[in-house]
Amino acid sequence: MTGTIFNIPFLAVAALVGIALYIIISQRNLIKLVMGITILESGVNLFLITLGYRAAGIAPIYTNAPEGVMVLPVPQALTLTSIVIGVATTALMLSMIMLTYRHTGDIDSEKSRRMKG
Amino acid sequence: MASLAFWNPIACIIAFVVLVAIIYLFRSRGQKKYKKGTAQTQIFLSGEKPPDAEQRHIRAHNIYWGFFQALKQYYDPTIKAHTGIINDYIIWFITLVAVTAVILFIVWLT
Amino acid sequence: MHTLVAHSAILIIAIPLLAAFLTPLISRVSKKARDILVIATLVFVEFLVIILAKDIYLNGIHIYTLGASSPSLTIPEHYMVPVRIILEVDAMSIFMGIISATVSLAATIYSISFMKEETGGDRFYTLLLLLVVGMLGLEFTGDMFNMFVFLEILSISGAALAAFRTRFADALEGGFKYIVISAVGALVILFAIGIFYSQYNLLNIAALAQAMQYTMLDKIALALLAMAFTMKLAGVPMHMWAPDTYSVAPAGTTPMIYIASQACLYGLFRTCFTLYGVTLNTATIGWIVIIIGVLSMFVGVTMAVHQSDVKRLMAYHAISQSGYMLLGVGVGLAVLGNPEALASYGREAMSGGIFHIINNALYKGLLFLTAEALFFRLGTRDLNKMGGMCRNMKYTSIFFIIGALAISGIPPFNGFTSKLMIYESVYRFNPILSVIAMLVSIITLASFTKAFQAAFTGPALPQYKDVKEVPKPMLIGMGILTIIIIFFSLFPGLIVNSIVNPATDALINQATYINAVMGGL
Amino acid sequence: MSKIVRTISNLLILFILTFGLYVIMHGHLTPGGGFQGGAVFASGIALLIVAFGSYNIQKKLKEHHFSILESSGAMIFIGLAFGGIATVFFYNFLVGSPLFGHIPPPGSNPGDIWTAGIIPLMNIAVGLKVIAGLSVIVLVMALASSKIEIEE
């Protein structure tokens, strides 16, 4: 894990997470909020995938595999699970926003709010 | 456990039952002129006609009015902080994560 | 019977999961068969939890390795570390499991008559059973990533249940808030898991705890994990989603979503005590937990007095009561590195906090159910519009009184016992905290007096003349919880010695947890 | 949509669905598996919805069909996991049997479809569930955005 080239993905992770958090805390539009959460999820997934990388590694599949180091398979399994969960979460959030829009006619997190205090 | 050594709910219940028995004893020695369904059970308000049930019931937001008035300086900012906007919830979360990480870092330095 | 015990840890999770996907198919045949199936599943889960609990109190930690050739084969041949998914059930896990299974059973029985008047019943029961799976899985798993997966199952099904009555705009809002904070919290937890994996190449909690170096990255992971779990259990100042979500969740699901938050409390304790244990500076994180606990108690209860929506009032009380648990266990955490103080008052404070979890789950569940009974009959949650209900709903008002007295810590109810343990031991740690806890208890009583006065007493209002008592299944659901509360009130010593103290010891003795998986390497 | 789009999607849909099924079936040998293949398959259904309109698709593909498919996928998965309960839950009880029971040599190999025990079967179960789940999400969202009330 030496060499600066391998740190570039971590910078991308930091950028993605930073952008996502900024979107989540600043955007009042609920669709944009969901986009922020999806970007956050991508950042975390990229983080997990990058952890498993080994220098010059190949995909961890034995079928017709060439010789060489393989990258770690466990982070890829974790990422896949996380993606699957992310699909379910995003679908649920978007359908809730659709119904909220039907009720309130607005997808602004302040204007569509009914409860406070 | 030390705290449970002197705490016995059975004793408490026995004391309660004894207390109820004593109260009942006092109550049974009272006058027995009370009759149901007569004017004795009607509401008496200096001869005025009592207001409707709707008006008589003390509503929830009137209870403890003075308490909230006295603690106005506490309540106003607290209720204002409960904005109900989802973005603000996440701001609180991120702030607390940052504060906790900084505290742990400072403790580690010293 | 022996085989059943050996496999009970996974069966507790797998059987509700199977039933969750069986219900949509069964409900095509008969709605009644579906209801019976759901109840039978939860009764069976309760039975399995009890026999597993018995086994754990006799024989120690229960290990179950998925996919191995034997359940106890945690570390495969030619490996140094556990690679498979392991369920590790110790006294603390099973303690939470008992709570989850019992309250879910009562809440589901309660939900049956509610669902007769709603559409989409098969989806409701699927989500409800998935919520049970999420809670029990989160409590039983011995693997960090699995914990994340079960947390997500719990969050998604909980949010969908909270937003189940889609005809109300506020229900959608409550569900949406819950899923957003859950999604962000779960991703943060996943990030922390990634940090662990980058350093130790491990995911198993026991193996991680053994390898823990407490580096700078581990500190960041601790902050992420602790705060994400605190947000999920609604600790102040990250509590604001809780009243929104709890107040809109339909019928019996409010107690279940609340118990799901308590499962996240378990996640916090597991992280602090088992994963990090004495390697970290426990005084610091202990004080952070104590401060959040005290804030939760105070802000929760003062906001509760101010509410006029009966379920929001109770939701704020739920936050306030979580503060007691955080306070009690936080004191134990703060003195974990100091064996003398731990033996003198820390252990008792933790026992008080843990005992409070089960007491609170029972009476808070009961109170949520009575609030939902009011909503079921009156069609409003607004206390300003209620009045004189004890004339129409006799049993419900009795249940409400019992719950309100228990939560306010009035002797001889069970809430008093656990609060007494907390007051007394925390007083020796720091008197001011104990005084605040007592003050909060008084304000709790005050706010329940307000709720009772507004909803149940007063003259009979003309618009509610025809209101009847709630149907029988609802009364049975509330009755189960009431009977357990009375039992706990009468025999607190028995409960503390048989299930609470083992749970406390399981949290304190990190080495036992590690050795059960790592084989004392 | 225009006639061009409809004609092209009529041609493409066969390949997309076949590729989806291929990815599901070979999940234990090549990149892919139940979720990925199911997602490819569901994207084919999404293409149909885009090309022919959700109203026309909804006449043929009813929501409760998907619901049954989804539940049975999940049931098969858990049933397979229960199949190994004689040893341990999730135990791979098919290893050594003629059905998917071959044991591949360690290291690089040309790939044998009859390996991996219950894993290919679980891929198929997950594939069924994902096909049904994602398709129904896309369909319901398309219907909702075209303002057609679905029957509950």
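Quick notes
Labels for the chains are A, B, C and D, by order of writing; each one numbers its residues from 1.
Note that a contact is a pair of C-beta atoms (placed from the backbone, for glycine too) under 8 Å apart; a residue touches a chain by one contact, two chains touch by 3 or more.
What you see is a predicted model; the values in this text were computed from it and never measured.
Centre-to-centre spacing of chain B and chain D amounts to 55 Å, using the average Cα coordinate of each chain. Distance between chain B and chain C, defined via averaged C-alpha coordinates, is recorded as 24 Å. Remark: chain A and chain C have CA centroids separated by 28 Å (rounded to whole angstrom).
With each centre defined as the average position of its C-alpha atoms, the distance from chain C to chain D rounds to 36 Å.
Of all residues in chain A, those touching 2 or more other chains are 24, 30, 33, 113, 115, 117, listed in ascending order.
Residues of chain D found to touch two or more other chains are absent. The set of chain C residues that touch two or more partner chains comprises 176, 180, 184, 244, 303, 306. Taken as a contact graph, the chains fit none of the simple arrangements: neither line, ring, star nor complete graph.
Touching pairs of chains, sorted by label, consist of A-B, A-C, A-D, B-C, C-D.
Listed in rising order, the residues of chain B touching chain C in the complex are 1-4, 7, 9-10, 12-13, 16, 52-54, 56-61, 63-64, 67-68, 71, 74-75, 78-79, 81-84, 86, 88-90, 92-93, 96-97, 100-101, 103-105, 107-108.
Within the complex formed with chain A, the chain C residues making contact are 145, 149, 152, 155-156, 159-160, 163, 166, 168-170, 172-176, 179-180, 183-184, 186-187, 190-191, 193-194, 197-198, 201, 203, 243-244, 247, 303, 306-307, 312.
For chain C in complex with chain D, the residues that touch the partner chain are 7, 10-11, 14, 17-18, 20-22, 24-25, 28, 64-71, 119-120.
Contact residues on chain A toward chain B in their complex (touch as defined above): 21, 24-28, 30, 33, 109-110, 113, 115-117. Those residues of chain D that touch chain C in the complex are listed here as 67-68, 70-72, 74-75, 78-79, 81-82, 84-85, 87-92, 152.
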